[in-house]
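The two complexes that follow have chain A in common; it is paired with chain B in the first and with chain C in the second.
What follows is the complex of A and B.
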């Protein structure tokens, strides 16, 4: 990504969706889109690949279940065996509820923290907002000015077809808009 | 008015053949092996009832949650709900045909001090009257729900949606109480000394799984080329039904295990009897099979997103789940009624006269399954064809047609 972008604002989600498709159709690179709420179908229009968080979630869940089963078995059968109702020390059914809870806990926390790490969200991180109105009533599309061939005027003309209300060029300092 | 016919005559003939063939074999079997045939009929009637009730519950749940995504294919669960009169009456006939199968007249003799309430509750007349009341309530409420939805096709009155939401809330409350009691009265009472307080929710879990699988199969069949839901029932609807099936398969396993674990942990003889006869000895592999079909297969296969959006995968999983539902009900019914030590000889193996202590899949099971598939298929096709295939004036229809599953 170059360090110059074109920021376009729209008033309606349908305009944003159509513009996103058209911009991608031109072979331009979309940095990101910002909307006040989740817009259905935007991920498809932007051509985002499916999230890999599900794998993090699944693997964390398996680690939670497997690790807890091993731990419970170690406690109950190896480290401190106690006779409960005459049942065998390594009784699997009694281990299942805690293993299930551990799977859910690890899968949940694992997904959330993986998301924070991947999107570099930490406490105290300065908010970088391209357009404040994207938090209110505007739909904002950020297009990468990938190379010298990027024709701002032509792109603006294309965006006019979708009732763009504002376009401006932005040259964010190091790290780009999304940092 | 002639109803449109959505499926070829071959399909119809095939379903008729299954129905008549299964029926004739069972009719002969009713004389030769009455216990075994009755148990299979009980299973089949209860299965059909869960399809019908499940459709009604699906419709009611979507009304009370204000859902709009399902409207495009709502006629499918509605068609299932319209099976309630037939399924309910079939159930009542099966129950009335052989009340002696329920062992309660003698069960209390050895435990008078703990059995008094059961004796009262399971008095045959009271028991039968209750069954009629349950079925009548379901037919009345679910029938009204579906009829009003069809009335909206003409008037387009949005007040019908609001009214159906209230009616659905009432139906769900009535359903929750009566279906719990019905599953206890009709299935759990086969072993009158045994009890489980999770029986109602366990049967609910199975019922909703059955219903979702049937909705998926019918939806996929009806969206093929030339069928009425072609281009209407899309992959986003399928995706959400897949999520629900995945979720409720896990729910079934959760409830199954919860029931098992509490009984295993407490280890009281009158509670453990049910699981000892099933998880120890020759029935244990069937329990494993039931868990594989009802939970492991849907869980593993439906976990990835592309699987839930693929018609071919969803069709197969739904069929596996429906087979799993039969196995689960088989495990609820058969071991409670087993009478002898086992079957021997080739003739006894194919035409067993009683329910043996060993799990057994013979001609009566095949015939009852044929009858179930034939009757359910014919009734569902007829019921679907008798109304407009899409609720054309439902206020949520547009939302449903443009629905995107996340």
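What follows is the complex of A and C.
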């Protein structure tokens, strides 16, 4: 990413979606978009690949279920075998409910923490905000001014087609305004 | 492709709102001073909570001999309250997870408060088994950890232990689901607040959220995953609660219908409680444009279907008692309907199966005072359902010499009152501290119309009309 970006604000998600497609169609690089809600189809328009967090969820769930099944079996059959009504010590059916709960617990917390980590969300993080209204009613597109050939006027003209309400140039300081 | 003709769908939010209006309307109750009504409500709730705390203190200090239990009726009021509150906790996850998977967009108006309600209801529920242990301060013995008593491990073959895991997992996952949903909205509150304590707290809790599309993309994936995980969880929790009963050999409890029967009842009572709170909240917080008559109508339909399932379960139980040819089983059910607790049984049937049939009529579903009355009746009926299942199955033992009766003591009633106090105190605080409607989700689902600056005037005729 170069040190200058063009920030364009829109009032409607359809404008943002269309503008994103057009900007990418011109071969320009989109740094990020900021929206007040999850705009469906924006991931495809921006060319984001599908999230791999599902794998984190699956693996955490497997660890939860597997670990708990092993633990239950170890307790019931090895550490403290109790004869309950003549049932086998390591009776699998009675282990299922708790193993299921452990799977859900680990999978849920695992995927949420993974989300926080990969998105760098943590308490006390200073929000890197381009436009305060991006959490209210503005849809903001941030375009990278990749090289000297970047023609601001031409891009602004292109964005006008999509009812852009505001464009401005921004030079993110060291570390980046846009995390 | 030609356009498919379809019936116009009722709009999710009414009043021709813009995105900024949505933010303003939902944040308004947080930013103004509480009304007199709120102060009155919190005063009543805190009083109830104080009574409850005193009662709980007394019964823990003295022992559960302060209850009306006896050798025959070993479970009664306390477990009734436990099952009642866990049941209420089920509607939150139904609305936030199951309806999410079914893409029922209307859920966005109610999911936040339903999830909060779930959280508070499960908290209330958890208190009752803790007290019932008698030595509440040793409650951590239910957890499997290496200890100096052997080590003596917990018994994983017992449904009571499954319950410990199910309820605590449910509480944890509900809290997580609720918090994850809150993060974007806390950022909205942060960005519109003036510097001060609200902005500081929101800044910390929203984890530096800035609405990045990359984050939203991952967030949506995780939200879907959580919904997928919470859906089987919600069914497992009340199934496991029902197994506390179903795995016992007591006639009236020992039936295979219990898990689905309990889950249907739980969702039924939960929806009734969600509606109770929603009807009050939309009025007092001025949210009629977000929680519309359409929402109430749809919740009523869901509730009606659940009520009919519960009715079917009541009938099936009776039929199975007859069909089993088991004299004890038949006696228990005849005793339920005609014995000393028949008043409780018929209260249950009238409240849960009889009166909800009014919801077949659209007129009733859209008349809010009537709906409010019906949901209150259902709340009462569902409490009695648990009371009937627990007490009538126990109080006539196999040996007539062990037959006993049961009446709650004032301490038990004060504890129930206290749990309502805790529930409403938490809910009222939540209404003041967090957006009661998921702002980001409502905006996403509402499909607000585009307002162009160069808007074509509505009077202009379409090309087809011009030709004509």
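Criterion: the second predicted complex is superposed on the first by the 179 of 179 C-alpha atoms of A that agree within 3 Å, B and C clash if a C-alpha of one lies under 4 Å from a C-alpha of the other, contacts with A are read in each partner's own complex, and residues count from 1 in each chain.
The rule we apply is simple: a contact is a pair of C-beta atoms (placed from the backbone, for glycine too) under 8 Å apart; a residue touches a chain by one contact, two chains touch by 3 or more.
Because the structure is predicted, anything quoted here is derived from the model rather than measured.
Under the superposition described at the top, does placing chain B and chain C together on chain A give a clash or a fit?
By the criteria stated at the top, chain C and chain B clash after superposition.
Is chain A touched at more residues by chain B or by chain C?
The partner making contact with more of chain A's residues is C.
Just chain B (first), just chain C (second), both, or neither: which does A:127 touch?
After superposing on A, A:127 lies in contact with chain C but is clear of chain B.
Could you look at A:153 and tell me whether it touches chain B, chain C, both or neither (first, second, both, neither)?
After superposing on A, A:153 lies clear of both chain B and chain C.
Determine, under the contact definition given at the top, whether A:97 touches first (chain B), second (chain C), both, or neither.
Both partners.
Would you check which partner chain A:41 touches, where first means chain B only, second means chain C only, and both and neither mean what they say?
Only chain B; A:41 stays clear of chain C.
Looking at chain B, which part out of 113-121, 221-229 or 239-247 clashes with chain C after superposition?
Only 113-121 shows clashing C-alpha atoms.
For chain A, give the residues common to its interface with chain B and its interface with chain C.
Comparing the two interfaces on chain A, one with chain B and one with chain C, the shared residues are 40, 50, 54, 87, 94, 97.
Going by the contact rule set out above, which residues of chain B touch chain A in the complex?
Checking each residue of chain B against chain A gives 257, 260-261, 264-265, 267, 303-305, 404, 406.
List the residues on chain A that touch chain B in their complex, please.
40-41, 50, 54, 58, 85, 87, 93-94, 96-97
Can you tell me which positions in chain C touch chain A when the two form their complex?
18-20, 23, 144, 150-157, 159, 161-162, 165-166, 169, 172-173, 176-177, 180, 183-184, 187-188, 190-192, 203-222, 225-226, 229-230, 232-233, 236, 240, 243, 439-441, 443-444, 450-453
Quick check: in the complex, which residue numbers of chain A touch chain C?
Touching chain C: residues 11-12, 14-15, 32-40, 42-43, 46, 48, 50-51, 53-54, 57, 61, 71-72, 75-76, 79-80, 82, 84, 87, 91, 94-95, 97-98, 100-102, 104-105, 107-109, 111-112, 114-116, 118-130, 132-137, 140, 163, 178-179 of chain A.
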